[in-house]
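Residue numbering begins at 1 within each chain, and the chains themselves are lettered A, B, C and D in the order written.
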Amino acid sequence: MLPWEAALAGRIDRHVISSEFLRDNVLGDPADRPLWVYTPPGYDSSDGRWPTVYVIQGYTGHLAMWENRMPFRQPFTETADAVFASGDVPGCIVAYVDAWTAYGGSQFVDSPGTGRYHSYLCDEVVSWVDASYRTIADRESRGIMGKSSGGFGAMITPMMRPDLFGALATHAGDTLYELCYIHDFGPAVRALRDYDADIMAWWDDFRSRPSFTKDGDGTLLGLLGCAAAFSARDDGTPELPFDPRTGMIRPDEWQRWLDWDPVRMAAKYADALRSMRGIWIDAGTRDDYFLDLGATAFRDELAKIGVAEDRVYFELFSATHAAIDYRYPMSLAWLAQRLAR
Amino acid sequence: MLPWEAALAGRIDRHVISSEFLRDNVLGDPADRPLWVYTPPGYDSSDGRWPTVYVIQGYTGHLAMWENRMPFRQPFTETADAVFASGDVPGCIVAYVDAWTAYGGSQFVDSPGTGRYHSYLCDEVVSWVDASYRTIADRESRGIMGKSSGGFGAMITPMMRPDLFGALATHAGDTLYELCYIHDFGPAVRALRDYDADIMAWWDDFRSRPSFTKDGDGTLLGLLGCAAAFSARDDGTPELPFDPRTGMIRPDEWQRWLDWDPVRMAAKYADALRSMRGIWIDAGTRDDYFLDLGATAFRDELAKIGVAEDRVYFELFSATHAAIDYRYPMSLAWLAQRLAR
Amino acid sequence: MLPWEAALAGRIDRHVISSEFLRDNVLGDPADRPLWVYTPPGYDSSDGRWPTVYVIQGYTGHLAMWENRMPFRQPFTETADAVFASGDVPGCIVAYVDAWTAYGGSQFVDSPGTGRYHSYLCDEVVSWVDASYRTIADRESRGIMGKSSGGFGAMITPMMRPDLFGALATHAGDTLYELCYIHDFGPAVRALRDYDADIMAWWDDFRSRPSFTKDGDGTLLGLLGCAAAFSARDDGTPELPFDPRTGMIRPDEWQRWLDWDPVRMAAKYADALRSMRGIWIDAGTRDDYFLDLGATAFRDELAKIGVAEDRVYFELFSATHAAIDYRYPMSLAWLAQRLAR
Amino acid sequence: MLPWEAALAGRIDRHVISSEFLRDNVLGDPADRPLWVYTPPGYDSSDGRWPTVYVIQGYTGHLAMWENRMPFRQPFTETADAVFASGDVPGCIVAYVDAWTAYGGSQFVDSPGTGRYHSYLCDEVVSWVDASYRTIADRESRGIMGKSSGGFGAMITPMMRPDLFGALATHAGDTLYELCYIHDFGPAVRALRDYDADIMAWWDDFRSRPSFTKDGDGTLLGLLGCAAAFSARDDGTPELPFDPRTGMIRPDEWQRWLDWDPVRMAAKYADALRSMRGIWIDAGTRDDYFLDLGATAFRDELAKIGVAEDRVYFELFSATHAAIDYRYPMSLAWLAQRLAR
């Protein structure tokens, strides 16, 4: 394999769509968003219709990053294409969705702290894709997948919108919040010592200098973004779920986070989850945020609420949270074979 | 300073006391316990009476360890003696108490999982010392101090027994349990993968081989000991506060732990805490268990319940959780000056 | 700043050049290579001539990576453009050179283990750029810069070819080999335990599975590449500079590496170094390969051989080896101001 | 096992011996040294003679530390006794030798930087033990063992004095210096940035405050001690084998270190090594100083110089450099069975 580029068997169209839901969002982020749509080999030469898989990104991800080239790896745009190039796996349309915010991400929810990214995804992007491409415009033929925050989005979006999505894949998706998030509260409090315990003071500093040049930058950014998504005030101000001087849990704000924990949401959205054609769950056994445990806990919840075992693919593999992009084509192929066509 | 030994200005008597409370404990640990009593310079040549400071140990500690000699450091038995050797600090009797268990510690509480170590400390050791030495047998002249689990014991014992103790010092004492304990749940679940998620299977293995030769040993031991202290069944079986396969919190067991969190106990024991003559709180800014945040949170709770500011000494210093024994003589001197005489 | 893309004030042309020197190289790597040439604002509307800065990459880098977009950062193609966009810094042509190999890099030397990358850079790329663009085709107007292995290349290439290059910038460039390379020998030997101490067995395995999924992958890859560059046999077989079972130094092979250590080369190439118009040296104070010490040692050697102090810019800044791309525009601006025009 | 203490089957006598060789040493360390001699069960009730094993310590060790009690472990004084208590292993006299210095150790060599510890051990301690106990006063019945710096001492002492020692055991002994020592040069240079690159300035600071409260303390102490042992000037000043500002190797001083590398010494002392009745070599596979590789390299050298294979015991086991004391009774038992009686 040559590293610089690769020809695709299918085709990627690069669009910009204009979102009403994102207009005038509190962060002043653009309402015009890039949207890439991949059509599989054979799309242009036929008038058939295809299932669609929506692909969403992890925290700090934005659409252009899908073309980043890492050493001895190919971008997902190419490995996804390779899934369909051989003809062994039935083709899908793949929609790459952007939900970036100034804080680095949106968690794919509607929040006064960031914007209406859930609505944008469900009620604008999906219909735009259906209108613009020969999709099979039906939940049974629509899947969603992602990693990390994207895996979280891939869990919650079909729970809330089973009318739209009939399958999902989560790679190291955020869940089991006591383990994946509390883990960062202590380091965050320590990092805030330099900012008089004021995360917005840190944020101002962060934007004024080269990013990620101070130790706590990554941790604080992630918590700020989650607070903006999960526990913002009505005016958009993010409220941390802990006292920034002591790390003591603030029960009300923390409960708002927990209400978004897929492990906890599963029981409430049991019907939606039972209706899924396929649920792929995986994570690395040494995931930095213990999302291997989150994955296991989510799988257990699915069993508890009666999701049929043969609908679920579950695997833990030897890895940390990083560099697991080689897993994505596996779940994409699995979804492609599960979606109705 | 020569490393091998040092002469003391005072004297340490090494006793063994026989405890009724510890008799027939569930772990089969000895009811006869070592007890060391230090008398300061001048004790033998006078018939005066002295305040007493009780010294308790961190997890895995047992009494003989006080004489361990670490490189370029002196044992606390010697640095404690040095506090009083110069005459600048008024003398105290120092009682070194053993509360070791087969699991490595007792958390200084009464529990069916370990034994009645709280009662043993309060109702046997204290009276034995008072009966055997010329102490000032009064709460105003009795302090207690310790590090880590010993710091925890030094916080909770005076809360529950203000009739006995009138001052305390906690060095990196266990508190703010979401940060100090949940931190270990993820690694524990991973370590238990080799033991079919059964901590007692791990325990059997641990005892059958050289200790601490597997990665999770320290973590599992600490959690087992806390479960034995905080959330044992009536028959003594320790119940973990999380699902050992997934890490999901078990709310009932976890609540039993939280009920022992000094930060949470403070409000309930406000009268006792307000009655203290002195409360020393310190921890390293990089404490492995975030006990610097716990210390800050505990200090904040004290302020909230109205403990007078001039009764509290608070300091964070640059250190991890390890090798902070050089702090002990500082708090001992401070207590010595605060206790009534 | 929006994350997806940015318009350039200048222009980047993407070429492919055909190299005679790389033809039939031992690794079977392409002789046709991408070459990007940036022309600054004003280039098209004038018939002036500009100095040229050649930009080379770190280990595992290939040309397309210059467009990778990292969170909250812009690619160097954009930050380099920004240097010249304002008009405060006089414009330069910037040539982005590819010297990737199947092992991940070439160290920019001629070697039977990889190919003739030094000759390709000096005798093909430079002349192609001069022939194709309105450069000032003179050493006084030609600089070279890079990071890590690219920093190494930026040190040695002007030493060997002062007829071509008159200025250089090295960011955390490989040097002081006892510290930067021996550091990896121990971990490499351990990683090779799974491969019967045969690095080519590892290499075969590495290529057969997702890259960087085993612990030693990064270390072994780097050492294999350096061995291919510095101590290959005539037939191209890389010879490690240590016994792969014990880590013992193999003096002959190791000497071949040391002969390529810029700190050691400096004295031999003193005339060349003294002739430089500018030498920028920087590194992070916590560089993973101790290249901050390497940078300091190289600076000291320059002083020792009489390089004028005002020709040298030296700085250590708080960072590891990673994520220091924000330094590149600083050195580019500095070079732009130093090159003759 | 109870943690506080254990009765021995044999007996330990605690002596202080007065050394002529250590008198007036440059560091002002005591010439009177503790020496513990263990006699096995049966010694007092017979008039037999026993082989002797000399036990030496790792860096920063001093004699009293042998009685340190670590959690869930017994001190070597007890595990060594247990070797002989059952009667399965023939008894030995065990001599615990102190070679502490103000820098933390002596490496068991004669040096103007520390004192004549090699001569003291060989020409004073051994003869004192032979004179005071019913030893078999012959090289064939004398062994020596240690860990880390003590393992180093156990390798080099019999090489230089095969007239005295006929067997040895090295646990993670210092050897293969490029890997075990250079490893620390970079961190040392960085730690010295706070001390204007003057290790004696650091040393003054280190002694003026609680030990090991700054990051580089352990690293600097070890290098200072080795420099005092291996590359001191005639007046006793330790000379570091690297430039303390840049980390560049100082070839002359470094060569003096390498001359003391057991891997390099083996060929020169081939006769002595071939005459050994038994050589035990072990180390942890994850040793922090790569002494597992050192152990392997030393074993290879022994094979190369013709040491009979059945004289050598070699094992790598899963461990770091720490907490491997449970290995000592294994090698002691092995030596006991090898020594002539």
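Note that a contact is a pair of C-beta atoms (placed from the backbone, for glycine too) under 8 Å apart; a residue touches a chain by one contact, two chains touch by 3 or more.
Note that the coordinates shown come from a computational prediction; the quantities given were computed from them, not determined experimentally.
J.: Using C-alpha centroids, which chain lies at the maximum separation from chain D?
T.: The most distant chain relative to chain D turns out to be A.
J.: Roughly how many whole angstrom separate the Cα centroids of chain A and chain B?
T.: Between these chains, centre-to-centre, one finds 45 Å.
J.: Using mean CA coordinates as chain centres, what's the chain A-chain D distance in Å?
T.: Centre separation, chain A to chain D: 56 Å.
J.: Every touching chain pair, please?
T.: A-B, A-C, B-D, C-D
J.: Give the list of chain C residues in touch with chain A in this complex.
T.: 2-5, 30, 34, 60-65, 67-73, 98, 100, 104, 206, 210-213, 318-319, 323, 326
J.: For chain D, which residues count as touching chain C in their complex?
T.: The contact residues of chain D facing chain C are 176, 178-179, 182-183, 185-186, 189-190, 243, 245-249, 263, 285-286, 290, 292-293, 296-297, 300.
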